[in-house]
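Each chain carries a letter (A, B, C, D and E) given by its place in the written order, and its residues are counted from 1.
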Amino acid sequence: DSLDETTDYSPDNPVSVKIGVTGTDTPQWDFIADIAAEEGIEIEIVRFNDYVQPNQALADGEIDANAFQTISYFDHFIEEHDLDLTAIGSTVLAPMGLYSTKYDSVDDIPDGAEITIDKEATNQARNLMLLQEAGLLELEDDFGVTSGVDQIKNNPKNIKLTEIVAGNAPRLMEDVDAALINNGIAVDAGLVPPEDAIALESETATPYINIIAARSEDADNPVLQRIVDIYQSDEVKTFIEEEYAGATIPTYISLDELNSYPR
Amino acid sequence: MLEWLPEAIRPNITSELLLESLYETVYMVGWSLLFSGVIGILLGVTLVVTRPGHILENSFVFHTLNPIINVLRSVPFIILLVALIPFTRFLMGSAIGTTAAIVPLVFYAGPYIARLIENSLLEVEPGIIEAADAMGASKAQIIFRFILPEALSSLLLSLTTATIGLVGATAMAGAIGAGGIGDVAITYGYQRFDNGTMLITVLLLIVIVQGLQSLGNISSKRVRRR
Amino acid sequence: MLEWLPEAIRPNITSELLLESLYETVYMVGWSLLFSGVIGILLGVTLVVTRPGHILENSFVFHTLNPIINVLRSVPFIILLVALIPFTRFLMGSAIGTTAAIVPLVFYAGPYIARLIENSLLEVEPGIIEAADAMGASKAQIIFRFILPEALSSLLLSLTTATIGLVGATAMAGAIGAGGIGDVAITYGYQRFDNGTMLITVLLLIVIVQGLQSLGNISSKRVRRR
Amino acid sequence: MIEFKQVTKTFHSGNQTVTALDNVNLHVARGEIYGVIGFSGAGKSTLIRSANLLERPTSGEVLINGVNLATLKSRELQKAKRNIGMIFQHFNLLQSKTVFDNVATPLKLTRTPKADIRKRVTELLSFVGLSDKADNYPEQLSGGQKQRIGIARALATNPEVLLCDEATSALDPDTTSSILHLLKKINIEYNITILMITHEMSVIREICDKVAVMEKGRIIEEGSVLSIFSNPQHPTTEKFVRSIIPTGLPARVKEALQQKEPNRRIYEVTVTGDSSHSDLLRSLIQTFGIEVDILHATMNDIQGTSFGRIYFDLRAEPEILAEASNYLKSHPLQPKEVTGDARVAA
Amino acid sequence: MIEFKQVTKTFHSGNQTVTALDNVNLHVARGEIYGVIGFSGAGKSTLIRSANLLERPTSGEVLINGVNLATLKSRELQKAKRNIGMIFQHFNLLQSKTVFDNVATPLKLTRTPKADIRKRVTELLSFVGLSDKADNYPEQLSGGQKQRIGIARALATNPEVLLCDEATSALDPDTTSSILHLLKKINIEYNITILMITHEMSVIREICDKVAVMEKGRIIEEGSVLSIFSNPQHPTTEKFVRSIIPTGLPARVKEALQQKEPNRRIYEVTVTGDSSHSDLLRSLIQTFGIEVDILHATMNDIQGTSFGRIYFDLRAEPEILAEASNYLKSHPLQPKEVTGDARVAA
């Protein structure tokens, strides 16, 4: 399982690493893999279509690292499942926004309005927190990263929350009063987050910064460290900025900073 | 309602949510079964009777319908869901929610049922159709008074299989906010690691499927004459 | 390879990815069809021959198997996928990837095929089984030399329907990193709003499904004797 | 009424071609009961099935009431077919319907009022002796019972034309005879035209007016039942006629011949119509003083006249027998001496 | 060989109960050809189907070779069944297999070498006259052809016991007769035991040694074919016997009676076995001087002896006829005068 014995590598004696990603994060990983390959690190990308399996597979040793989740989701997951995993580097931040085809500001949202939220648990928690930030809801004090609609304390406007799959939000916007949409998806769908959103997650929302995770025993593995370095290089930063047109913001902060978000 | 369960398997969801999702599943399966059943039977019958050598042989209809059904059966459900959004909105007023889900479910199950029905109808003894023809039965009479009743037992099993398939598909209809037990199982049970919810929802699904299958088996057996 | 397409529908994915995913789909469908076909036929045959009044009447087997199949058919695919992880890992050495996906796909398609086969086999004329019995055929001979050949035409159509169902299910196997065209359609096309990818992948799926259905129809027709 | 004009039907299977009907011409007049007989595989079913277009002829045409059904529009064709009842060789009953509903089916197709249906079906079931099976399903019936349901169903709508493909093949003689009497009765009362396929000469004898003999897709002989029975031309026809009028030597005659007694001779007299044997008997007994016995005789009653053979056993001194043989040679009944070599048992 | 001991079989459908077999006892000895005849629905098929346990009797037992099949283990039962060939009323051919493969099926079950199968099947097909249909599928066959395939299949393994349910019902007389001859031949050559269901008395006459008559699930009469034909006890049996030995007055006799001529009388003589008519004829012609004609005669050849009736037409002055009538009354052949009132046509 461990990568321990493979600290030595060179283009002639390459080491191979399996990295789990989800859905659409492959472009930057393909780019990183090309760079790493020149140094003798052969990255095999394992694409998941789900937010549970990549951590499970990492803990089970089926992959060597994964990069798909926010730090808060990660912390919650390893606690819940008692897994010995560690975050080894920050990657990007894709802030969430509230969009509407009917209203220009949050204040216009009427009583009894219908708003779509993501049915996926961590994103849903983020959605609800953004609605709280926007003053539409009040959440329970112990609201956590996978808390859901049952943790709403107060819903003064009697807003109807409809859970849908994230990718459908832009497509279904016009059927509701407002929709919560991930930046990534919003940009892909042709929205311009700073202009179109009527409420946006703050860009420094530490809990929602994405990370690369590895098994704790491999935390210091030079190969993985090197991959983190490559990810955090300017070259990759530029690539991501161009590729995602601002939807996904490269956010490179120290591990300490990463782990110091309010829980 | 569920507080008496041991903690390890006590679901984190309210019994209201459970009941509501049960209702949503029944609602979606019921309506979409009704429509897709009618459409599926119509398509299935058409596929059978327009094929070469059959009573309404019509090469054009057969060779148009056959690939259309294949196309609908090719598209992954989630994509079908999306592709149909404008149509669903036009038909239902909104593309979101339990009622809206009926449209893609019908598009999903209709062609599927058509294929199952087609297979069942092809097993009807040609002698029966000859007898009908010789009696001067109209094409519609041949279909409704001869072919369908003779295939009824097999049709009921096919519809049972399709209904259970529909129950499975409703779990995916959660993507457009349709709800339902399958969706609760995935979003509350699976994604939130709530074993209690997983257990109870899956148990509910099992009960539903078991009930449907038994109903199908019994009614099919009752009308089976051989 | 795909550069010549007009921009609006030019996919954002490489043709390598497309080819690879095509291979993955074929690989998953092929293997899981093989296993689930064998298992499904076995289960389907067992469901038929152990039912009351049939040649291997066995109330215990029938009344055990029947609900087990229902249970497997009740569980949403994603939950089945998860529930099977330990078993998949034990069997395949790993619970992720294209090869690992075969296990849940077989669990998904096996019981489904069993139901379709059951329906096909129940349509075999009882007179044929009587003739076999009167000839002193063993139970295995009755099944393999009489029931299965007589139902072959319908069986082929059932297997076709199941295979197309499997193609659909592979799209969901993306959850454990299995890849495949359906997955590309969803993650690159659907999630990234890439119409080009959506179009080309769906077209590919249509071609596959159309091909499978034609193959099924033709071979079924060739062995149909009435 | 039913006219086959140069009808040919070929089936293809693999590289084989079967000519089931080979240039068949046949005319069934209104009100006639027309029998078609032939060996298994001769093309009888194909013939009757082409009468109502269940088989489309490869060439030639079939006219019913002067109309070529193949030229009719769908609705007209249905109407025409409702006037043609058909009894199938393999019954073709609906497995999913009760006996009652099977018989009621053709009536339901024409939207007959419920009460009328009940009355008619009850009447038919009682006629075919299956009133107690009204609520049973076909698979619970015996072979003959199924056939009777098929007959009842074909008669339900009082069709003008009835096509019967082996309508009584699964029935015992008693039931057969009552069915045949019914057919004859409706034939007379309603002037219904019946085309009747059978392999049993006794069925032909009992009710048919005319008969055609088929072999290998061709009609090899046809005519009134009387003429065919009394004077079959084709060897196949003769075989069928012989099936009810045996032409082989009876066992008792063969036995007698084997004894080869010099003062005993056996003569065969063919009886056609109203032939009288009184002078023959008187001459032999009184004039020649021969001891005359009737060894065997078989006659058939065909439409009021008798056809058949009598075997006379003559005993006397050889010289008397020789004398008598000259007399017999010139006798109008043309008795033939049977020696055992001339004929072979069938 | 085959023994039915108090076999009862009831079917339930809805609230109806049908007793298809009602306490049936029957013993078929080894090498016998045993015919069972009865009206449609009498229970014949149920009887034969319970011989090889296709129907499990509700009570009673069936022994084959002294063994109650119901007590056998699965494998032994299969072995026993391989020794019992069966021809089904509805053929039960495999639609998915060619004619050749249908006939080959029972041989394949016992893993007969390919070459042997080919030889045997070819032989059987040529015997039933269907060599040219070897590669056809059942649905391409005529009714009689299907039946012949069923026969060939049942004979394929040279079984010791053959159960035939209406084996020739769809066949023309010629084919029937050749099949029956074959059955008789294998019966003699291999000492095969045959239980034969039929509704045709002519089949019984042609090859059966013994016959049982069924009615409403019961065996109402049984015995040697000879005794049943010559001396039927039960009215149903008589009906069957009459189907080939008509007992009604022939048309010609009825016609003669209608003329009511005072100097003419008609006498009926029943022929049983080897009865001689020579002295009767001589007395009438020579002693009384009566003109004697044979009006009608039907005799059946049953296993070497003749059974039947002769109708004599006597013409003379009324006083001579009155005189003769006294003589006839005391004649051992017991001639009966036919007056037209005594008997009713069947």
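Heads up, the rule we're going with is that a residue touches a chain if its C-beta (ideal position, glycine included) is under 8 Å from a C-beta of that chain, and two chains touch if they have at least 3 such contacts.
If you want to know which protein each chain is, UniProt gives these names: B, C = ABC transporter permease; D, E = Methionine import ATP-binding protein MetN 1.
Remember, predicted model here, so these are calculated numbers, not experimental data.
Counting hops only between chains that touch, chain A reaches chain D in a minimum of 2. Between the CA-based centres of chain C and chain D the separation comes to 57 Å, rounded to the whole angstrom. If each chain is reduced to the centroid of its CA atoms, chain B and chain C end up 17 Å from each other. Measuring from the averaged C-alpha position of chain A to that of chain B gives a distance of 36 Å.
Touching of two or more other chains is recorded for residues 52, 167 of chain A. Multi-chain contact residues of chain B (touching two or more other chains) are listed as 78, 82, 125, 153, 190, 226.
Chain contacts: chain E has residues 90, 137 touching two or more partner chains. The chain pairs satisfying the stated touch condition come to A-B, A-C, B-C, B-D, C-E, D-E.
Chain C contributes residues 78, 82, 85, 89, 94-97, 172, 174-177, 179, 183, 186-188, 190-194 to its touches with chain A in the complex.
Chain E meets chain C in the complex at residues 52, 54, 74-75, 77-84, 86, 88, 90, 92-97, 105-106, 108-109, 137-139, 163. Note for the complex: chain A touches chain B at residues 51-52, 80-81, 114, 116, 119-121, 146, 148, 150, 162-165, 167-168, 171-172, 174-176. Residues 66-67, 70-71, 73-79, 82, 112, 115-116, 118-120, 122-123, 125-126, 153-154, 157-158, 160-161, 164-165, 167-168, 171, 182, 185-186, 189-190, 198, 202, 205-206, 208-210, 213, 217, 224, 226 of chain B are the ones that touch chain C when the two sit in their complex.
If you check the complex, the residues on chain B that touch chain D are 125, 127-128, 130-131, 133-139, 141, 145-146, 149-150, 152-153, 223, 225-226.
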